[in-house]
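Below are two complexes that have chain A in common, paired first with chain B and then with chain C.
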Partner chain A sequence: MFSELSKRLKKDKIARISLAIIILYFAVALFTQAGLLLPDFDKVNYTESYQPPSASHICGTDYLGRDVFSRILHGTRVAISVGIVSSFIAIPIGVLLGCISGFFGGKIDEFVVWLYTTLDSVPGLLLIMALSLVLGRGLYAVYLALGLTTWVSLCRLIRSEFIKHREREYVLAAKALGAGSLRQIFIHILPNVFHIVIINFSLRFVYAIQSEVILSYLGLGAQDMPSWGIMINDAKVELARGVWWQLTGATGAMFLLILAFNIFGDFLRDTLDPKLRGVE
Partner chain B sequence: MLNYIIRRILYAIPILFGIILITFLLFNVVGGNPVYQMLGKHATQEQIKEFEHEYGFDKSLFIDFQALKNAEIIKTFDSQFVFFIKQVITFDFGRSYSSKQKITTMIADGIVPSLSLAVPSFIIGVIVALIIAFICAYYRNTLIDRFTVIASVLGMSISVLAYIIGGQYILAYKMGWLPISGYESGINAIPYLILPALIWIINSLGSDVRFFRTVILDEINQNYVRTAYAKGLSPQKTLFKHVLKNAMIPIITALVIVIPYLYTGSLLLENFFGIPGLGNMTINAIANSDFPVVKFMTFTGALIYVIFNTLSDILYSVVDPRVRLK
Partner chain C sequence: MYKLKVIRQLESGDNNFSLSFPRRRESRDFKAVDSPVKPGNDNFWLVLLHGKNTLLACLFLSFFLFTGCANKTGTDNIIRLPMQTDIKGFDPAYAEDLYSHTAMAQIYETLLQYAYLERPYKVEPLLADGMPEISKNGLTYTFKIKKGVIFQDDKCFPGSKGRELTADDFVYSFKRIADMNTRSTGWWVFDGRIEGLNEFREKTKDSPKTDYTIDVAGLKAVDKYTLRFKLTKPHPQFLYTLTMMYTAVVANEAVETYGQEFLNHPVGTGPYKLTKWTRNSRIIFDKNPTFRQEFYPVTGETTDKTNGLLVDTGKQIPFIDRIVYIVYLEEQPLWLNFLKGNIDRSGIPKDSYSSAINASKELMPELQEKGIKLWKVPMLDVTYTGFNMEDPVLGKNLKLRQAICLAHDINKVIDLFYNGRAIPAQGPIPPGLDGYDPEFKNPYQSFDLEKAKQLLDQAGYPEGKGLPALAFEASGSGTIDRQWAELFKKEMEAVNIKVNVNYNTWPEFLDKLNKKKGQIYGLAWGADYPDAENFLQLFYGPNAANGQNNTNYKNPEFDRLYEKISTMPPSGERTKIYKQMVKIVTSDCPWIFGAHRMSFALSQQWVKNYKPNDVATNLLKYYRIDTQERAKMLKERF
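On to the complex of A and B.
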């Protein structure tokens, strides 16, 4: 799988650039988290409030005279962390439930299908907003809300693949050789459907980042740290006063990251999905 | 046929129960009793009692064990959960914390503004996206097609917030072509709805065009299309007579799923443009921590989804008898 990926990656220049952009954002998130990059993002300077972009502040300053560019880079931390943490909650739930319900069928399957159909009935954003409201405002609530609601599509895909694969000859052969259920699931079938997890991981980032920005914008997300949603919320009032740089900067940063994820997600799907590769 | 309809309705019952359970867990178990949040630290004992009684927080969650010991059967089951089920069945959702209005009335008032934004935007958006997708499919692999695909991906990557703030700033504030925000009832609502509708359409265009184009191109590679060409049909005729009809099946399936979501309109659009619909109501309720409103919006949203899904499955079985046998 990975050799195929790197072979295709060598040919596809746009996918390579997208990957580079994603890595860059991850690096920025890591370095700002470690305090190595632009640690002065919270430095207030009232004499310099609402400065338009200049050589010393390439994205201008906000109402407290803080450097917008540093705050955008620190906003990356929130966006990336939401993507990663919510994935660490959702992917294990989705994969595990998908595996067991698809493999065993019967009562377990009925229960899992009931569970995700129920969750899926509640309009997505409404459920996420309700969850982060009852969990209390803050970033941890956003992690949990996104993690606990977004496993459904992955679970559904894994389940239907498992239903197909459990009757395949290679699985029957493993069973005939004495492999138990756990071995059949994790050693034999899961590696064959794992591309779904990778594709899902890159696509869910887009959803996670967009949701985080909307939740922070509504005051449910990040509280005392720079977030693109909060910056956009601040900027909505400032725009009438001609302060365009905070809005443009935050949306631009978000746009580039989501674009990169969209393109790279498509590339992953085209490369890894056996149906699109014409193998299956 | 009747057999299938009954089976399908019975299938919805455990889902409805699941929704009641999830909403209850979310707001009563996780959310808990918000009495101090609502009344402040200095509320009197009577105020607290009155509040807890009105919203049922003076009851136990599921089963009153104290009453069970005393063998009082009715009191045993007089719990928050039963209280909630009673509210759901009678469609009496109690009152909002902040406005003290009846939630059922609030929902009834909000539904018209929501739908008058959502329905036209949705229909026009889909039609425009379909036209663009067909043009793309007709000119596939030419510059027009490539350009549209790139534009769709770019459009999908822009945040809806950017569309809203940018659109309002440029078209309403700078140009003054449309009102900045507000709403009037009846026919006077139209000028207020144009801008949010426009933003809705532009925001959904990217992903719609891309999806429709993929579906149409999948269809174009089918055997019957080759047969149509082989018997001498023109590309236009093949595309519009044969491909269109077949491509509509997956497209309609995808659209039907989205329709129940229309009732909330667009949460953000309504809030931003001051349209007094359900989306606006929900966002205000979230801002005020108005739990009962959010609770019943969540519940009603899910309820409509289930009803709609059941109906559309039954309709499908009328159109396509194969569905019934599954």
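On to the complex of A and C.
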């Protein structure tokens, strides 16, 4: 799988660039988290509020005179962390429920299908907002809310794959040789459907970042730390003053990351899904 | 209760507020103002102000303008004003929003009114002949009524001739508000105040037709021109109630003749009568030919003379023949018409703010060129950051509170959040009220980091060491709430005080106040009536928590003085006590005093006798249009 991946990656320039951008963002997130990059992002300088972009402030300053560029970089940290943490909550739930319901069928399947259908019938963002209100404001609530609500599509995909695979010869053979249910699920079937998890990870990562921005914009997300959503929210009042740099910077950063993720996600799907791979 | 969020909707709002400051029209964001309104609330300005807050943007526009669209030359004696929303009708029993209130105030009159030029605001007789006699115990108010006041001519009277106003008309009008069949929105003004009126209301409950001959002990026409109220308990602010449209006098003939249609057929005693009202389009008033003789005020503030407000002193009012209110549901056409000289007064729509006002808060030269005048109107309000005085850390430590006050720079807030449209508050009483002292400087209202650090040291927390993180409760999670809290946090960091911010919804916030949870709150207070008592009650011990004293401040000396003034009629002595009370409060630092906000209004140069007013609505009778000047200006400058 991975040799195929790197082979294709060598051929596809845009995917390579996208991957580079994603890695760059991850690096920025890591370094800002460690305090190695622009640690002065929160430094207030009242005399310099609303400075337009210049050599010393590439993206200008905000209402408290803080450097917008460093806040954008620190916003990356929040965005990436939301993507990663919520994935680590959502993916195990989705995979596990998908496996057992697809493999066992019957009552278990009915229950899981009922559960995700119910969850899916509530508009996603509303559900996330409701959850983060219940859990209290802040980043932890966003992690949890996103993690607990976004496993549905992955679960559905895994389930349908399992229904297909459980009747295949190699599974029947394993069964005939005396493999138990757990062994069939995790040793035999799961590796064969795991590409779905990888593709899904890259796509839901984008969704998680968007949701974080929206929630922060609505005041339900990150508190007291730089976040793209908060910066866009600031811009709401500032645009009338002609302060455009904060909005532009934050949306630009978000745009680039999401675009890279989408392109790379498409590339992953094309590469990993045998049905889409084609012949070269 | 009229609590306000510290920062209101600058985000989309700060526009055309003349009377009100940053308010926005969508009511959602008015949660701050909306939720505390309860029926039966005894703050009678509440509803009016409530209307203002929600709608004031419009009012401003609507209330203060003139225009000339019908007549190109501008020589007609007509004032054209914008109204930003349609009114509901002309029945004083439903005068709950500012627009309807304003429209009715041209036709209907009340016993008392606010003196036009005098500041601080003060009530003066309108239909009453002199101020009332008030009994020693403060319970009985005896009014003489002006003789020779007649209702406008109308078909409902015999021979279509208006008859003379008598004391019985007031008795009828007040009973009508109490009558359950009227379903007036203004009952709370009288609820529990007047002896026997609640019992009267009970009796009207089940009868489809109310018997207005039932006696009410506290509401008596002693003779044709004498009216006597008996209150159930002393209420020095009762006089302010009598300026409200709910207490306007109506003729029983008109109510009975028109029935359901009464709201389209106003019959009043005022300077104007309704000529035409096309819903959602325009309202036209003409001078009432049978209006009694009334004169332009003789006295005013010292600056009124230099501002040319005393030129018409002693002349008979009204001056203007016709008032045209034009309903503009959108701001842009209104603004453009104002710039063309078609409208005589306007606020500043938010999208036009930067093109109308320059960085030094003055009018742009192109508007000055047209002779447009800018009015900066102080609002009767105060913003503050309150400390919970029952909190173990903050409550007992005066030095700590003082340090926090000194570390906070109000000018920065004014600059960042109010576009500079506010003045720093030295105490709780805003300018325009008795007890406001322009000379008084609050020693803790200055920004002084060094001194703050010293005080923090003396408070027992050198360099902030040992001080637990303080909780700042924000009253919302909107942009401005957040920015405001962030600024406060940063300011406190500068003196090594750590602050954690909790963002609340408005109901959550109110709940925390009432339960005395939390340590520091950001809030504002808007006047219910133009009396400093309304601001001082915010510090009265027994008003703590569930009352309006949100900081749970308690000072026996202050409480004693408050009890003394709460039944005192206005006097120099009372004003002196007010000032003394302000000094007590400011030295105790239960609040970081914020700002008194200002709203900006514009008027055309040819509108004479215009003086911004934050409380009254019956002002058009004082205005004069210099038609010559208008004709000349329109030709040359517009």
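Heads up, the rule we're going with is that the second predicted complex is superposed on the first by the 277 of 280 C-alpha atoms of A that agree within 3 Å, B and C clash if a C-alpha of one lies under 4 Å from a C-alpha of the other, contacts with A are read in each partner's own complex, and residues count from 1 in each chain.
In this text, a residue touches a chain if its C-beta (ideal position, glycine included) is under 8 Å from a C-beta of that chain, and two chains touch if they have at least 3 such contacts.
Only a predicted model underlies this, so the values are computations on that prediction, with no experimental measurement involved.
Enquirer: Could you say whether A:Lys236 touches chain B, chain C, both of them, or neither, answering first, second, both or neither?
Expert: both
Enquirer: Using the superposition described at the top, determine whether chain B or chain C touches more residues of chain A.
Expert: Between chain B and chain C, B touches the greater number of residues in chain A.
Enquirer: Where does A:Ala90 make contact in the superposed view: on chain B (first), on chain C (second), on both, or on neither?
Expert: Once the two structures are laid over each other on A, A:Ala90 reaches no partner at all.
Enquirer: One more residue to check, A:Gly219. First (chain B), second (chain C), both or neither?
Expert: In the superposition, A:Gly219 contacts both chain B and chain C.
Enquirer: For A:Ile196, is the partner it touches chain B (first), chain C (second), both, or none of the two (neither)?
Expert: Touch status of A:Ile196: no partner.
Enquirer: In the overlaid three-chain picture, which partner chain does A:Leu126 touch, first (chain B) or second (chain C), both, or neither?
Expert: Only chain B is touched by A:Leu126; chain C is not.
Enquirer: Look at A:Ile80 in the shared chain and tell me whether it touches chain B only, chain C only, both, or neither; answer first, second, both or neither.
Expert: In the superposed model, A:Ile80 contacts neither chain B nor chain C.
Enquirer: Name the contact category of A:Leu157: first (chain B only), second (chain C only), both, or neither.
Expert: Neither partner.
Enquirer: Contact-wise, after the overlay, does A:Leu272 reach chain B, chain C, both or neither (first, second, both, neither)?
Expert: neither
Enquirer: Check chain A for residues that touch chain B in one structure and chain C in the other, and list them.
Expert: Shared contact residues on chain A: 218-220, 236, 240.
Enquirer: Would you pull the chain A residues touching chain B in the complex into a rising list?
Expert: Going by the criterion above, the answer is residues 114-115, 117-119, 121-123, 125-127, 129-131, 133-135, 210, 213-214, 217-220, 229, 232, 235-236, 239-240, 247, 251, 254-255, 258-259, 262-263, 266.
Enquirer: So in the complex, the part of chain A that touches chain C is made up of which residues?
Expert: The touching residues are 44, 46, 49, 63-64, 137, 218-220, 223-224, 230, 233-234, 236-237, 240-242.
Enquirer: Write out the stretch or stretches of chain C touching chain A in their complex.
Expert: 10-11, 350-351, 353-354, 412, 416, 476-483, 486-487, 489-490, 501, 503
Enquirer: Can you name the residues of chain B that touch chain A in the complex?
Expert: 14-15, 18-19, 21-22, 26-27, 30-31, 153-154, 156-162, 165-166, 169, 173, 260-261, 264, 267-268, 282-283, 286-287, 289, 291, 294-295, 297-298, 301-302, 305-306, 309
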